[in-house]
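The first chain written gets the first letter, and so on, giving A, B and C; residue counts start at 1 in each chain.
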Amino acid sequence: MSTNFDRRRINGPEESSSPVFVDDDEDETKWRPGKPRQSRQPQDIRPIFLQLGLISQANGSAYIETERTKIACAVYYRYGPRQSKSTGYSERGRLSVQVKFAPFSCHKRRAPIRDAEDRSIAVLIHQSLVPSIRLELFPKSTIDVFLTIIENDGIDSCVATGTVAASTALADAGIEMLGLVMSCAATLMGEEIWLDPNHEEATAGASTLVLACMPALNVVTNVWQNGTMSTKEGRECMTACQERCATMHSIVAQSLVSNFTPE
Amino acid sequence: MVADSSAHGIGHPNQDGRCGVTIKYEFLSRVDGSARFGLDDVHVLASVSGPIEVRLAAENSTKATFEVSVRPLTSIPGTDAKALGATIKSLLTPSLLLTRHPRTLIQLVVQPLSPSLVGSPKAIPSFHPGIAAASINASSLALMNASVIMKGVVCAVAVARTSSGELILNPTTDQLASSTASGCFAFILAAAESSSDRLHVSEVWSNWQSSLGFDVTEMFEAREMAQQGARNVWGLMKESVGSVGVDRSGDGEVEVEVADRLAEGGGDEDKMEI
Amino acid sequence: MAASSTPSEAIRAATFQRLHPKTYLERFLEENVRPDGRDFLEFRDCSINVGSISTADGSSLVRLGDTTVVCGVKAEIAEPDLDAPEDGFLVPNLDLSPLCSPKYKPGPPSDDAQVISSRLNEALILSDILSTKSLCIQPGKFAWVLYVDATCINYNGNVFDATLLAMVAALKNVRLPKATYHEETNHVTCSRKIREPLSLSEVPISSSFGVFDSLHLLADPTAFEEPLLETTVTVITDSKGRLLSTNQLGQYLSPQLDVLSKCITNAQSRTTEIMQQVLAI
């Protein structure tokens, strides 16, 4: 149930609720916890579709799709003072990351109000990106990164995929960086490590870990772990993620090069 | 001041329940100009403040910032009030010489005093052409009352098609509710420099809609009809500001307004100066 | 145009465009071409994709040139209004987020978004696209609410036309779960497997135009052209090209240029083209 009256939007009824489905469990083809992974090996990631420069109004942009995770990202770079009065003079540039879920992106409709989840994703992506950007070259300015999640297939997937999209869009905008940031999620499924889990897998797993790194410099920029895992398992997850990030890095770098047109 | 329309042929003399046009300068004390325009059962109050100080973010270095907000009779302003406000803003803008007051704000508030369609049929969703027309006319009067410099006066009328296919000017709310097509048309009218009986008329808004579909010729017919209606409204407005007419400098209006103000028993004259 | 010139010329042209937008556009129109190479009354290419978002009950992606709008429909269940016990709800909204254009700031819907949402709502109601009665599950107790949410991904002008089309396409793509009302427990259960399309009666198609400098009538304006237009015209027709609504706003000084008639003729032929794409969904 959600009450959502907003005078700035077209309003529906005061309250509405998601439909209750009765034949959920009848679908035999659906993956269930305990079964082996469908259509890919534990160490495989989903195929990535990446498109650059989709948003012509932005300085840089990327659209990324990994099966059912779909994210659009735009980078706006403004030199000079911004209208916001809260930000004072700063020698270094500021990076601002904002994440928005489209109302239709989740199983339950997301009323278009800001909630805690989009902020926490934004913070994680921000943490992953900040070490890569040469903010000292952008005094007094703000780099705005906006992400819209068009379809959500698990929070871990959103954080990892969103980070890749954002770093690619920053490169597309011509922002100077030390290296591209790639990110990959892993979940502990019994004894196995499953990389790049989707929503069902991530919820079924005992623990998830999202790693962001700059493969070109071989450094990690952010690790986010929740659930229970041993240090050894954590290290294994990190190594597995880092290997995948290296593969992704070469693909993303390749698409950036092929998309580059000298001014 | 109340101008009665019966002598001017606005509306339909043979229709029942019509009380014609009422124009009244309200002299609200906290604004620079205000007026009420009524036609039959639809009344709208508008007020203008300006030129006043503008927020830094909205400041324009070459012209005045013009803001319009519509406050519905009931509940808080929603998206439809925003849409009407945006329409009124764009159609009044060509009539205003905003470059005369750079770095200032001219603020117009429109307050309909009549309810929108009750139990509105699908044909007219929340949009009431009669209220739109009265809002535009009240806005023009309030702008004149506030001595905002204008090139001409924007006058608007509503037109509707009855279920029998006949076009009627200034439909009542009941007629709108049973209409099969309706719309609102607005024009800028300005007296020609040389002779007083010639008018420059140019269209600023034409809106015609029907869920049953319509014909191009019908829409043009409605527009033609509306133009005549707008001339009548202009005549009434002119009468309401006195025989001096709409003077570009605004001097003519002040006299009339002051006289009216004294009759209403309040206010100081100095506020009228810009 | 810029492709054939050297890089430094392209930069100079871009600077000129920003500093003197009006003159920039004038120079092009004098040569009978628009900055993006189109003819005055030419619409940009349009593409419609549907059903790619699995979390929505119906979805679409519309591209009008590079203006991109994604629309998703989510169906929820609510109690009908007391005075309309058999009517469900159709709730269309457009989000213009800071992602799509530097014009928009984060926060609540901008004025533009509110105005366009309101016009979209009017257009959908006017065309009677979907009878809200068909969304009734149990009179007075339960009815479907269709939240039709559109998000602009790239704003390059004429978002109204693109969004209306995206909403129409998403509604056509909706497969509503079969709902069963249980009288004993007074609740509704749904089936994921048995789904039905909506019974759409008519679809509205809109075509927008603008007048520049009282002389030039331009179809389907871009984000660069939009603020320079003194008059805008929107014509909404049904699938057969029958007129549902015309709206001309702003002053135009030369009555000899019969803008509205021209727009209507163009809108009707465009409807025929677009409808072929819509019917293919």
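Odds and ends about this structure:
We take it that contacts are C-beta pairs under 8 Å (C-beta built on N, C-alpha and C of every residue); 3 or more make two chains touch, one makes a residue touch a chain.
What you see is a predicted model, and the numbers here were worked out from it, not measured in a lab.
Taking the mean of all protein C-alpha atoms as the reference point, the chain centroid lying nearest to it belongs to C. Looking at contact counts per chain pair, the maximum sits at A-C. Look at where the CA atoms of subunit A average out and do the same for subunit C: the two points lie 28 Å apart.
One finds 51 Å separating the Cα centroids of subunit A and subunit B. Among all residues of subunit A, those that touch two or more other chains are 8-11, 83.
Residue positions 78-79, 82 of subunit B each touch two or more of the other chains. For subunit C, the set of residues touching two or more other chains reads 114, 117-118, 121. Within the complex formed with subunit A, the residues of subunit B that make contact are 57, 76-79, 82. Listing the residues of subunit C that touch subunit B in their complex gives 83, 111, 114-115, 117-119, 121-122, 125-128, 230, 236, 238, 242-253, 255, 260-261, 264.
Residues 7-11, 83 of subunit A are the ones that touch subunit B when the two sit in their complex. By the touch criterion stated above, subunit A contacts subunit C in their complex at residues 6, 8-13, 15-24, 26-27, 54-58, 63, 68, 70, 72-74, 76, 78, 83, 98, 100, 102-107, 109, 112, 144, 146-148, 150-152, 262-263. Of all residues in subunit B, those touching subunit C in their complex are 78-80, 82-83, 86-87, 90-91, 94, 119, 122-123, 125-127, 188, 202-211, 213-216, 219-220.
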